[in-house]
Amino acid sequence: MVVVMEPGSGDSQIARVVEKLKTYGMDADISRGEERTIIGIIGDEREVDFDSIASLPGVERAMPVLKPYKYVSRHVHPEDKVIDVEGVRIGEGLVFMAGPCSVEDEQTTLRIAEEVKQAGARIFRGGAYKPRTSPWSFQGLREKGLEILSKVKRQTGLAIVTEVIDSEHIDLVGQHTDIFQVGMRNMRNYALLSRLGGASKPVLLKRGDSSKLEEWLAAADYIVRNGNENVILCERGIRTFEDYTRNTLDLNAVVGAKIESFLPIIVDPSHGTGRKDLVLAMSKAAIAAGADGLLLEVHVRPETAWSDGKQSITPDVLREIIRSCKQIRDLE
Amino acid sequence: MVVVMEPGSGDSQIARVVEKLKTYGMDADISRGEERTIIGIIGDEREVDFDSIASLPGVERAMPVLKPYKYVSRHVHPEDKVIDVEGVRIGEGLVFMAGPCSVEDEQTTLRIAEEVKQAGARIFRGGAYKPRTSPWSFQGLREKGLEILSKVKRQTGLAIVTEVIDSEHIDLVGQHTDIFQVGMRNMRNYALLSRLGGASKPVLLKRGDSSKLEEWLAAADYIVRNGNENVILCERGIRTFEDYTRNTLDLNAVVGAKIESFLPIIVDPSHGTGRKDLVLAMSKAAIAAGADGLLLEVHVRPETAWSDGKQSITPDVLREIIRSCKQIRDLE
Amino acid sequence: MVVVMEPGSGDSQIARVVEKLKTYGMDADISRGEERTIIGIIGDEREVDFDSIASLPGVERAMPVLKPYKYVSRHVHPEDKVIDVEGVRIGEGLVFMAGPCSVEDEQTTLRIAEEVKQAGARIFRGGAYKPRTSPWSFQGLREKGLEILSKVKRQTGLAIVTEVIDSEHIDLVGQHTDIFQVGMRNMRNYALLSRLGGASKPVLLKRGDSSKLEEWLAAADYIVRNGNENVILCERGIRTFEDYTRNTLDLNAVVGAKIESFLPIIVDPSHGTGRKDLVLAMSKAAIAAGADGLLLEVHVRPETAWSDGKQSITPDVLREIIRSCKQIRDLE
Amino acid sequence: MVVVMEPGSGDSQIARVVEKLKTYGMDADISRGEERTIIGIIGDEREVDFDSIASLPGVERAMPVLKPYKYVSRHVHPEDKVIDVEGVRIGEGLVFMAGPCSVEDEQTTLRIAEEVKQAGARIFRGGAYKPRTSPWSFQGLREKGLEILSKVKRQTGLAIVTEVIDSEHIDLVGQHTDIFQVGMRNMRNYALLSRLGGASKPVLLKRGDSSKLEEWLAAADYIVRNGNENVILCERGIRTFEDYTRNTLDLNAVVGAKIESFLPIIVDPSHGTGRKDLVLAMSKAAIAAGADGLLLEVHVRPETAWSDGKQSITPDVLREIIRSCKQIRDLE
């Protein structure tokens, strides 16, 4: 932390900052400028309560120097993490997760699963629990949806990723899924994240739509710190003023996550753009930016999808995406 | 819903939209313009899956006309709702909720409670469970904090509001609080909201920092629809590009909430601005805009607060705020 | 400026930063922490090219400590500035500027002017040059509009504020206006601002819809630095994700501007909200927050206004606003 | 336009809307739903004043159906536009524009030009006029910078792109540049855009940092409508809450611009990210998304650059970018 004192702050105010830092077991280094005095902290600032310093008399600003996360930092763990999910190695080569937004009736769901498998996807996605803005919208098939997912796995051999929306569903969902998905609305549900730190299966952590990169990585730290190192990041767009797209898919964060963290990262261009006519181009862009894979909404008949049909692509487009993305990845 | 067809869309595409609407039990009214054809829906669009229409061939856009909420709408319930909390009538006159960000040691917490009571607050706030961006920050005293809150109530007679961060804590927190607070990070934790719909105590619902007014009201609808009509809205700032303030306190939403909904609304200028030097002025502005009260961070020695000291005011400032706000409210 | 070195940066990298600072005539103060070394700058950092330091090898971050403006800072000039416009003293008491969005035909414009004068406004607003998002929208009456404004002044005695959109119109507009308005789209048109620094009439500087407070004050610094001290700030809303309102009127910035600068500040709730049903409440809130006045769109028949009718109020509402705002201002 | 009436609006209110539409020469088509009545407009809504309808009594919303631009729409002109600049065909194959942020001393500038030419760039960029947030920052070499640019062209044969910041500089800048650059701060300076509609050289139009795709295309329409069809779009990042990057480079808008318009589009990852460690990856992503080229800040010694050194890459990295981008483009 760097503490910037106000112009005209006096020695007693500086002394008070130093004394406060000492209560945290930190040392201070004082640098007097012509207009301002600056105090640097010697020690691990993560143990200091930032605000308790910022509110001391005479303090203009206290600026963090360290990041709010630690375990997921590439400084700590320079090599890329590879996560094995039923033989699919995420973080090594490209992985494609595909399926409908919501789990639908058994027959349609199985048909989509067969199609995405043939197109080259290795992991099947589908929501049994759907968090929806309006309580008046379809909320998912719930337990029945989970059972259909298990059937998909038995019949196709595809691994499963599905969302868990509450701590109390972790056990149940864990019986049917290979990867727990945490949706963007729950990225800051730290009670849920901490509980998933105790789970034995990997977690796919979507970025919150108003979360900075460092906040997203700090959310991942909640899971890792509680014991589960298998976290897959998923960029899915942030909220901005632009309304041409449903969200603003932020590929800068993909590159940034690769720099700052060792975790694998995949991209969801379906939610990220909300428009099927943008999915192919943004998929290629995501892989060119360095993503380890994609999470895609695919439906055999998008116009009849139970939710998010506007952003679902067909299995043929999925095939084209996988082909193009592999070509880009194979360039040396 | 209004469905706008693409230029050049044909009769068969229009017929397909109409047919799809009929599967939802809706009727359609077709309006042919020179460049485009527009289809209006006759019936309650909330039962229609929006995306399943938007993704039909030939459809350019499908625009909602109804709101994503229903029960909390002023159309449904024109008179203001008044919520009684231990004799404090929220939504009638002004209510002031004050206290530290986090519950601290018993002695300090009790001292703050006595001071805010003398200054004129009727409800005591303090977090026992603190959702924090970094797992490395202080997370609250938890159960011990709840017991201190109960002691505050016994000794001062102040009613209590404190945050609940997970479904499984509802029973425990409910034994110690008079109002359940849902923090901005959990505004879209629909599992939690639905459970609070079954609780017997009021819920103070903070606005998510990336939530539109209509999404916030839809979140309130989750609670009301599940049986709990006692929801207090709380504006606490949204995330924008501006970094002078910690958040951008949005008083427009206060006025908007009063127009669109019958629920009482209070304002949290402490988190909304993150700067104690802005709290007095923004408190007055909030009341002038029509808010029913304030939620304020107050500490006897802000510079020693365990969290958020930068935004905490002293009891003297609280006294000044209450005096000024009452004057504004009393103007005819 | 505070320069934070990367972990593991060496002495030679630190020496290079110090050397670079010396080329700007600055001194450095080095503070070595356990994880990082921090370099403080001794001297006026505004003369240093920030990026040339930030890009040196081994530098993790360079953080500004000083603000990007100087002349408009309250540190420099602690007393409030009062600007006299035809006898109206802006920054002392409350000032109300009112009129139609666009100057309309002479008869309508004069009628509106008479009405706003009777309601208590002292300055007449109206656009002769209208910057519009689409080239297909009405662009203003231009020269003809300016002549109508001069006629308004002659007949009513109201002072005039109108927008100037290009350097080459400054002379012409200056013959008809008492205050030059710079619209939000031109807040960063530094060529225009610099030219207005040479003008002899005050400038009303609207905040850009994506501008931080400090950027807005730096824009004002362009005008003052070039010789014109008479700048009136005008908050008119920023662009956020919220679409209930046309913009998000940011009263926090009003309070912040009063703290950071000595310039008078007024608020435009008409553009700031874009909804006439929010104008009265937000006007009161603005004055409660400390604004020196309001800029309001008023029309005798809002539903026939040539532009922005959705946000125009009637003279009766203006009267009510002036009455309420004066009451709030008069509270001690 | 689609006009949605409030619930309970009466026949006389509907009649008034229809009558108002007739004054614009439009026809109306009325669709009565169970809860609301909707009025569709028959005719070209761009000639109707949107707000004058939206403010009529009984109107809840008036929603545009047509876009705010016309000439730059792909509907009007389905084939991609190719713009010839000194033999470089922009919109056909890939184009690389590279150089320093600011024009520097002649020797350094020429050396950079030689290097970027050898690396494969065909167009030289460099600012002679620099719009800067703070009046205390370096503002560019101005006329002297323009002369250096002319010398670069004579010595290297590279075409030139440089920024024009005011209408009155158009003639002067036009003597030294091959492409007029309009910076993001001036994207809404419609006086400047309209003047450039009369210029005989192409215009590179950067997107405003708070501008939606449709507003950017409407800004391009200002230029085309006034006679200059040679507009090159340039995405350079938008302002969001994320501060890891200087801006949020929005590749979704690149794909969107290609769908909605026939104009060529290039991407500026240097300003778009503000971090040289992100430039290579985001360059590849931009080309994978479909961009026609890149605008890059390159310096022979970034750490000594006069401005924006933090985001400048070296000629070696430029060479790598060009090689990688061509590989991606060449994939079938």
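For reference, chains read A, B, C and D in written order, and residue numbers begin at 1 within each chain.
In the analysis below, a contact is a pair of C-beta atoms (placed from the backbone, for glycine too) under 8 Å apart; a residue touches a chain by one contact, two chains touch by 3 or more.
All of these numbers come straight from a predicted model, not from anything done at the bench.
Q: Would you say A-D or A-C is joined by more C-beta pairs in contact?
A: A-D
Q: If you average the CA atoms of chain A and of chain D, how far apart do the two points sit, in angstrom?
A: Measuring from centre to centre gives 31 Å for this pair.
Q: Could you give the separation in Å between the centres of chain A and chain B, each centre being the mean of its C-alpha atoms?
A: 25
Q: Let me have the rounded angstrom distance from the C-alpha centre of chain A over to the C-alpha centre of chain C, please.
A: 38
Q: Return the residues of chain D touching two or more other chains; collapse runs of consecutive numbers into ranges.
A: Residues 210, 239-241, 243.
Q: Among line, ring, star, complete and other, which best matches the way these chains touch?
A: Looks like everything touches everything, fully connected.
Q: How about chain A: which of its residues touch chain C in the complex?
A: 2, 4, 7, 29-36, 38, 40-44, 61, 63, 65-66, 75, 239-241, 243
Q: Given the complex with chain B, which residues does chain C contribute to the contact?
A: So the residues of chain C touching chain B come out as 210, 212-214, 238, 240-245, 248-253, 255-256, 258-259, 272-273, 277-278, 281-282, 284-290, 324, 327-328, 331.
Q: Sort out for me which residues of chain C touch chain D in the complex.
A: Counting only chain C, the residues touching chain D are 20, 46-47, 49, 51-52, 54-57, 68-70, 131-138, 165-169, 185-186, 188-192, 194, 208-210, 215, 218, 221-222, 225, 239, 276, 302-312.
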